[in-house]
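Have a look at these structures, which come just after this line.
Each of the next two complexes has chain A plus one more chain, namely chain B in the first and chain C in the second.
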Partner chain A sequence: MSPPRHDRALVRPHVVTGGRAHPTRNIFDLVTLVIASRTQVAGLSPEKRKVMELCQGGALSVAEVAAHLALPVSVTKVLLSDLVDSGHIVTRASAAEPAEPSDHLLREVLDGLRARL
Partner chain B sequence: MEQQLLVAAVCCLAVVTFVVVAMLVRQRQTTKRLRNRIGLLESGVGVRENEIAHLVTARLPALVQSLNGRPVDVPGPLNPRLRDVPYGRHLDKVIEMFSEAGGRAKARADESAKATLKAMMRGVQSLANEQQLAISRMQAQHDDPDVLEGLLKIDHMNAQLGRRAQVSAVLCGSWPGLQRSASPLTDVVRGATSRIRDYLRVQVHSQVSDAVVSRAVEPVVLALAELLDNAARHSQPNTPVEVNFQPAHNGMAIVIDDAGVAMTTEELKRAERLLAGQETVDINRLGDPPQVGFAVIGVLAARYGFHVSVDTRSPYGGVRAVVFLPTGLLTRIEDRPKAAVAAPAPAPAPARREPVPEPSGAPVEQQPSLTAGGLPRRRRVSTADHNTNAAPPAPAAAPGRPAPQPGSVPPGEPVRPARQTAAGLGAWQRGTRSGRATVSHDSEGKSPE
Partner chain C sequence: MGSALVSDRLYVRESVRHSVKILIVGHFAVGKTTLVGALSEIKPLRTEEQMTQVGEAVDDLTGVPEKTTTTVAMDFGRLTLSDDLVLYLFGAPGQERFKALWHDLARGALGALVLADTRRIEESFDVMTLLEERGLPYAVAINEFDGAPMFPEEELRDALDLLPTTPLVRCDARDPASSTQALISLVEYLIESKKRESA
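Up next, the complex of A and B:
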């Protein structure tokens, strides 16, 4: 998922999560939306600050946050569950309001897929 | 007549007697002189023999020892008077030639040992790098926390392994390898933290916005890792190792404090000598187990122009190591997330749905905005961004583009390239480099509608 240029990331994931691999809560999947609920970022690690910065403007999915941080999704989940624990972000299930996609959008997606395959 | 004969005989006798006496006396004197001379020569030979024995039993062995790197003084001749005679000078010449030949042989052996070690370490290094790539790929692929836990451990061990190989290679005169882009100081310190055993004890307190220039990233990371490792190794397992940044007027100091044992005066002297990086590192004199930390820091500091000192006591009783990076090694880079937020293409939903006839020249600009899967990536919409974007659509359309029909192009469409053009090539490059910064919402536009 991460592009190759991050494969040699300077800061390795074990430092990012402090060696933890298990998120404190099991509430995230790829499309869970996270929203910042606080603005202060004092005392947070650089990665968590980035998450807060990213989520300040609106909801982002877990997958997007992971992509922005250039971290594996599983590592991102550990960070996000920490942030939920500390009250910095809140989550929202992605399937909350699936605005019915228009025919047009579906057609465009179909065309896109055809063009790719 | 008879009387005359008698007189003559007496005279003869007297003369003969006199001659015999004289000869005897002379003989005696000669004998005495010769005996003296023989005595002198004998003692001279004795002195020389002693000298030779001294050369063989004391001087040459001492020389051999000193050539082997032990701190032994080579003694001078036994009899100082010999220094001024050719014999003594020849002996000195022997010593000189011996030490010269020994030194040359040792230098050659050192060189070849270093070359061999360097080549071997290069192999280990590249294996560690490959392994890191594999680990990173697995980390990205597996979502199971149990798998991740194992992977994190392997990653940690691999990082340490890579560092060991790197350090050995650097000691043998190799480059640290791995070219990196300029990185924030905080990341550099945490990168160093990633590579030591007790990484959880390292606490980075202050935050600074400075970054380390590209060519110095890896060397500084290596030096910091050695210092952090030293600090963690020489302090209690339950004490923290603190890292602070101290801006100075012509650079930045990274201060590492541990709460362990202080260094003795002797150790400090050795450390100072090694950290200065002035002498070439003799890989045979690193001790057993080899103490490579300060030696490798000295090599890196001298080569890349930063300065490391360990001569202050930390307020916690341990050692305070200070890495001073001069301004020449510092730079500023734009914060990545900010770049990502600044660059997004605000594509309002209606615009996206428009079938867009792709102008032929467009792919050049659109190229970097393709996602890995080629599908449009969802983006937060910032209204402010959108408004400012709508204004300058002209520049994008201008440069030699086969008329993109400005009227039919949706507002979000050519706007992003225009803004990037306006922001200049530099910003555009940064955007593409960060990869996530650009969005393709019309990458499928080429398909016939």
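Up next, the complex of A and C:
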């Protein structure tokens, strides 16, 4: 899809994402865990290869991927979204749901914190 | 500390299937980054986001970019709480002008810990308003800076205009145990609030 001309910012992040400011799907929270599900990176852009390289090693949150690659979170989401679409990346945790956290989840957090004291 | 769950590895442990976040908020230099650093099992990370104004015409080259773009930095850290669960702590700037960032931060967050400084109590109001507008529950932790005046709890509650149920605790953001205790107060409050709602 070719974006309207006025959406093309003259900044690097938009070049990285092919001119898009928004991911194809809105499944990513800052703490959604992502991991590579493939090893081959043929045909991917240099930025996507970097994402894949990082995500081969294990699961990381979207925020961690952004920080390690020194990319804005918004750009990282666009890249990850494309990589999910192409089957290179899978999300591991259905992280923070916009819905209320369950009592069970809150207790797990509480127990985990108490165990650190 | 010293628990088998504590990990300085880059990646989240393999067994972890859930992740949650809590916001650490407050005004400039109140100790957000210090608290995140004291609790995080990884070296705290930083993300930067460029904020542009809504509806801004980016092809207008006559515009001065500095006027329409701001870079916002967020520091965050990670704590593995169980085989299944990791907690992320995000230190978030308290200014109203970072609305877009706040939307992303607050969405799905369990709650927030407001760090306050008794020398600049009134500077905490903005961030508390932001949380209230989003309906995000919070606890307030007074970061005990060396040499900062101590006030009785009632006086602080009045000054902060807290609801009787909102937890107010003291902490030393440099100290992992003290900061953990502040988070525990917040999570206990979240559980109690839930109970009250369903009662």
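Just so we're on the same page, the second predicted complex is superposed on the first by the 82 of 117 C-alpha atoms of A that agree within 3 Å, B and C clash if a C-alpha of one lies under 4 Å from a C-alpha of the other, contacts with A are read in each partner's own complex, and residues count from 1 in each chain.
Following the convention adopted for this analysis, contacts are C-beta pairs under 8 Å (C-beta built on N, C-alpha and C of every residue); 3 or more make two chains touch, one makes a residue touch a chain.
What you are looking at is a predicted structure, and each value in this text was computed from that prediction instead of being measured.
*Asks:* Given the touch rule stated above, what does A:50 touch, chain B (first), chain C (second), both, or neither?
*Replies:* The first partner, chain B, only.
*Asks:* According to the stated criteria, A:67 is in contact with first (chain B), second (chain C), both, or neither; which is it?
*Replies:* In the superposed model, A:67 contacts both chain B and chain C.
*Asks:* After the superposition on A, what does A:31 contact: first (chain B), second (chain C), both or neither?
*Replies:* Only chain C is touched by A:31; chain B is not.
*Asks:* Could you look at A:92 and tell me whether it touches chain B, chain C, both or neither (first, second, both, neither)?
*Replies:* second
*Asks:* Applying the touch criterion given at the start, work out whether A:58 contacts chain B, chain C, both or neither, answering first, second, both or neither.
*Replies:* After superposition on chain A, A:58 lies in contact with both partners, chain B and chain C.
*Asks:* By the touch definition at the top of the document, which applies to A:17: first (chain B), second (chain C), both, or neither?
*Replies:* Touch status of A:17: first partner only.
*Asks:* Does the superposition put A:117 against chain B (first), chain C (second), both, or neither?
*Replies:* second
*Asks:* Touching A:104 in the superposition: chain B (first), chain C (second), both, neither?
*Replies:* A:104 contacts chain B only, not chain C.
*Asks:* Which residues of chain A are in contact with chain B in one complex and with chain C in the other?
*Replies:* The answer is residues 5-11, 13, 57-61, 64, 67-68, 70, 72-74, 105, 108, 111-112, 114-116 of chain A.
*Asks:* What residues on chain B touch chain A, complex-wise?
*Replies:* 129, 132-133, 136-137, 139-146, 148-149, 151-153, 155-156, 159, 178, 180, 183-184, 186-188, 190-191, 193-195, 199-200, 207, 217, 221, 336-338, 340-341, 352-353, 355, 372-378, 380-382, 435-436, 443-444, 446-449
*Asks:* For chain C, which residues count as touching chain A in their complex?
*Replies:* Residues of chain C touching chain A: 1, 3, 5-6, 9-12, 14, 16-21, 45-50, 57-59, 61, 74, 76, 78-82, 84-88, 90, 104-105, 107-110, 176-177, 180-181, 183-184, 187-188, 190-191, 194.
*Asks:* What residues of chain A sit close enough to touch chain C in their complex?
*Replies:* Its residues touching chain C are 5-11, 13, 29-33, 57-61, 63-64, 66-68, 70, 72-74, 92-98, 100-101, 103, 105-117.
*Asks:* Any idea which chain A residues touch chain B in the complex?
*Replies:* 1-3, 5-15, 17-19, 21-23, 46, 50, 53-54, 57-61, 64, 67-68, 70, 72-75, 102, 104-105, 108, 111-112, 114-116
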